[in-house]
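Think of it as A, B and C in the order they're written, each chain with its own count starting at 1.
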Amino acid sequence: MAVAIVPVEREVSRGRSRPWYRRPTLTIGCSILFVIAFLAIAAPLISPYDPTAQQLTAVLQGPSTAHLLGTDEYGRDVWTRLLYAGRVDLAVGVLAVVTPFIFGTAVGLVAGYYGKALDVIVNGIIDIVQAFPFYVLVIALVFVLGAGIQGVFLAVAAVGWVSYARIIRGGVLVAKREEYILAARAAGFSSARIMFRHLLPNVITQAIIFAMSDIVVVIVGVVTLGYLGLGVPPPTPDWGSMIFDGQTFITTNWLLPTIPGIAVVITGLGLSLVGDGLADAARPE
Amino acid sequence: MDRLSYVGKRLLHLIPILLGISILVFLLIHLIPGDPARVLLGPHAPAKVVAAQDKAWGLDLPLPVQFVNFLGGLLHGNLGTSLTYQEPAVTLMASRLAATLWLLISASILTVVITLPLAVAAAMRPNSWIDHAIRLIPLVGLGMPAFWVGIILLLVLAESTGWFPVGGFGTDFLSHLHAIVLPALTVALGIAPITVRSLRAAMLEVLQADFVTTARAKGLAERRVILAHVLRNAIIPAITVFGLNIGWLVGNTLVVEKVFALPGIGALMLDSILSSDFPVVQAIALVFAVLVVVVSTSTDILRSLVDPRVKLG
Amino acid sequence: MLEIRSLSVHIRSRRGVVHAVDDVSLTLLEGEALGIAGESGSGKTTLLRAVLGLLPRSAHVVHGEIIFEGVDLLAVSAKQAREVRGKRIGMVFQDPMTALNPVMPVGDQVSEGPRYRLGQSADESRRTAMKLLTEIGIPDPARRYRAYAHQLSGGMRQRIDIAIALSCRPHLLLCDEPTTALDVTIQDQILRLLKRLSAESGLGMLYVTHDLAVIAQTCPTVAVMYAGQVVERGPVAEVFSRPRHPYTRGLLASVPDVHRIGSALEPIQGTPPDLHSPPSGCRFHPRCPLAQVDCLDGDFPLLSTADDRATACIHSERMATTPLLSTGL
């Protein structure tokens, strides 16, 4: 969303078309995401602790066999909280990308296809929303909508859809003039059929590739809102609020603010690798 | 069309966007569920005060009238009054402007300083180990929350070594400079993945161009070929990408000011959110959006000056 | 001044190694103009790039020597090779639009050589460039100096490109189809210009093109390349009137000729070979009307004859008696 353009790199020479599982970036990226998803989903099975249960006799402990990554200032197990926080952040992140993806795609498709006044209005809204720095608008929206999971989701989605609308609209404007669309029109197909069966498959790829980098930005955004105290209310763990809480103990227990950040970075790396691999595979050789 | 009228046209194009931005900002208060003054002033505020605040905001008037009043205020430089400080939002922002400008400018400079050598090094030896290492940066960097990078930098370069102050802005030029290094570096590291990636890709494409062979056929030193011919062409798309992502840079300053306790406009916005000071939040959102639009229009104009081929249509 | 000795260049590609230039030997005398004719893909551009030392990353010389003014360019350091480029060897490119930097005024591109290679001051190099622009027939050079490539016509761009190639007063000019992208009338002007330059300043010239008429107009000597090899060499008039290699003859027969309106063109049968795995023996044998069993194997070196000509064909004596289109085998 805010990262409007991350140009896809063009390589000078490249091997022959390989199946997806032979592309190292895709394979590594998928493996990372698989492990993260597994850890988040299976959190209750992996960790014996309750992520919110305080144990004031064992606060701020370093890593040990009982507590893999130590404990925080309330004696809560950091490893457990990390896993449960991942559930929250990833779920909100995915939802806050999928929803605007669908909505923005539909709006871009309709605006691009019908054009005229509708297109002018949609284009105007896109321009205006994109004028705002991502964080500024999202934070202002969370503020008026109310902090918490719902506010964060609504705010991110309200800002995010315009990117998809812009990408799809641009693609439709080009594809609309292609012969196969003219042929479909000449054949008397309904507008809905032309839009969804003929136009959409030709323009959706760019939106999917963008979604892969967008989801990184959104997850980082959700974590940032958590850090600013606008996300999930305590004591439910979230990577952002874990970093905020740990920051107080940075000199004595530097692991506390560092670990959740590394979790974000690894998640982002996995998603970026998959995104790169997809962009690669989508490019005509 | 000549360059001057192109500039005029770009500036004219600003008007509907600025109007749209003010509409969106104006509508923010109406997104608050329930009675805005009640929500913002809290459940314990006396009913009379709440009613007075609603009236002061003119919320009892029809929507178009409210907007005209709002716009009239904007044109007179009135961006509302802080609930917390009972001072004009403009005055509050002005007192915080210095730190934010320092941060934005030094972060932009650092971005260029980081981007150029990395992108050039990667593009000059494609597929070497240095290229692969540099290409990893966007993959890792995009997923790094700016505030977290700030915390790590604080831990390593301030807390442990004492090289830089842990926070604050200092009192004179030198102490400002000393205090701004880490925040600016944090912001620059947030946007560098995007700029490095786009400049590298642009350079690789330019390196394939025939005119690069012409330059080499003159027997020019590789340094001259890269700087005068390749970079000069590759910088044009890179400027565009930078302009499109200026919002990302500005957005990151918000969070970074908070981490480094910089008395800037971004930190003011976050503080105002915690104290439910709606008019200040609204005013800052407006100012930041206007700033971004102005900067990206400037990069457009700058690009038209750098690139003689730009279609001035 | 230039002697290429059994040069071979390989280009790595997705599907393997392309034998782009295979055992080519050529000699160019001081101030001589040599035309190199061949279809696209015959390796002629790669040959030029090798002489200039600017092969693409994927290509490399596997064998041979390029001796220019007594020094083997392939044996010297990268720095020494660069020293030769521009100052002693200049190159004119095929497409003047892409060969010029779009964001640098063309005059600056001409003065860049004198400024950075000859050590002239900014003013001096500007004067040098202005003089060159006048010399190569650019009207109103002061105004054109500030122009960008996209503001000039095709012919004007090619003149600029030539001015760049000449800006450091080289002794040898490499021309890579410099007129292919131009209109016929402009092409004629450019050819006259090159011819004049070569005559006036004793400039040696290697002129690569697929257009035989252009070579007939500019060069006294021609070498014909096929599939990375030189197959015939000799004085232009002789080679074109009495070719001794069936490929040369096929090439000549496929040129439209205004004096022969009505007579059908006779294109060479088949397609150029895939240089990933060139045919054994004589590389032309699959398309050759004269081919016999002894063409299928062995080496076919360029053999010189007393009359200053050379051919790689072992059946050249049958050329006069065999019709073009009959297939040999």
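Convention: contacts are C-beta pairs under 8 Å (C-beta built on N, C-alpha and C of every residue); 3 or more make two chains touch, one makes a residue touch a chain.
Because the structure is a prediction, the values reported are computed rather than measured.
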State the chain with the largest centre-to-centre distance from chain A, centres being mean CA positions.
-> C
Dominant chain pairing [most C-beta pairs in contact] = A-B
Would you kindly tell me how far, in whole Å, the mean C-alpha position of chain C lies from that of chain B?
-> 53
CA centroid of chain A to CA centroid of chain B, Å = 21
Between chain A and chain C, centroid-to-centroid distance (C-alpha), Å | 55
Two or more partner chains touched - positions in chain A = 12
So which bits of chain C are touching at least two other chains?
-> none
Mind listing the chain B positions that touch chain C in their complex?
-> 209-211, 213-221, 224, 228-229, 232-233, 236, 306-309
Spell out the part of chain A that touches chain B in their complex, as residue ranges.
-> 2-10, 12, 124-125, 127-137, 139-141, 143-146, 213, 216-217, 219-220, 223-224, 227-230, 240, 243, 247, 250-251, 254, 257-258, 260-261, 264-269, 271-273, 276
Which bits of chain C are touching chain B when the two form their complex?
-> 52, 54, 82-87, 90-91, 93, 95, 98-104, 109, 112-113, 116-117, 148, 150-151, 161, 164-165, 167-168
Write out the stretch or stretches of chain B touching chain A in their complex.
-> 16-17, 20-21, 23-24, 28-29, 31-33, 126, 135, 138-140, 142-148, 151-152, 154-155, 159, 194, 197-198, 200-202, 204-205, 208, 237, 240-241, 244-245, 247-248, 250-252, 254-255, 258, 269-270, 273-274, 278, 281-282, 284-285, 288-289, 292-293
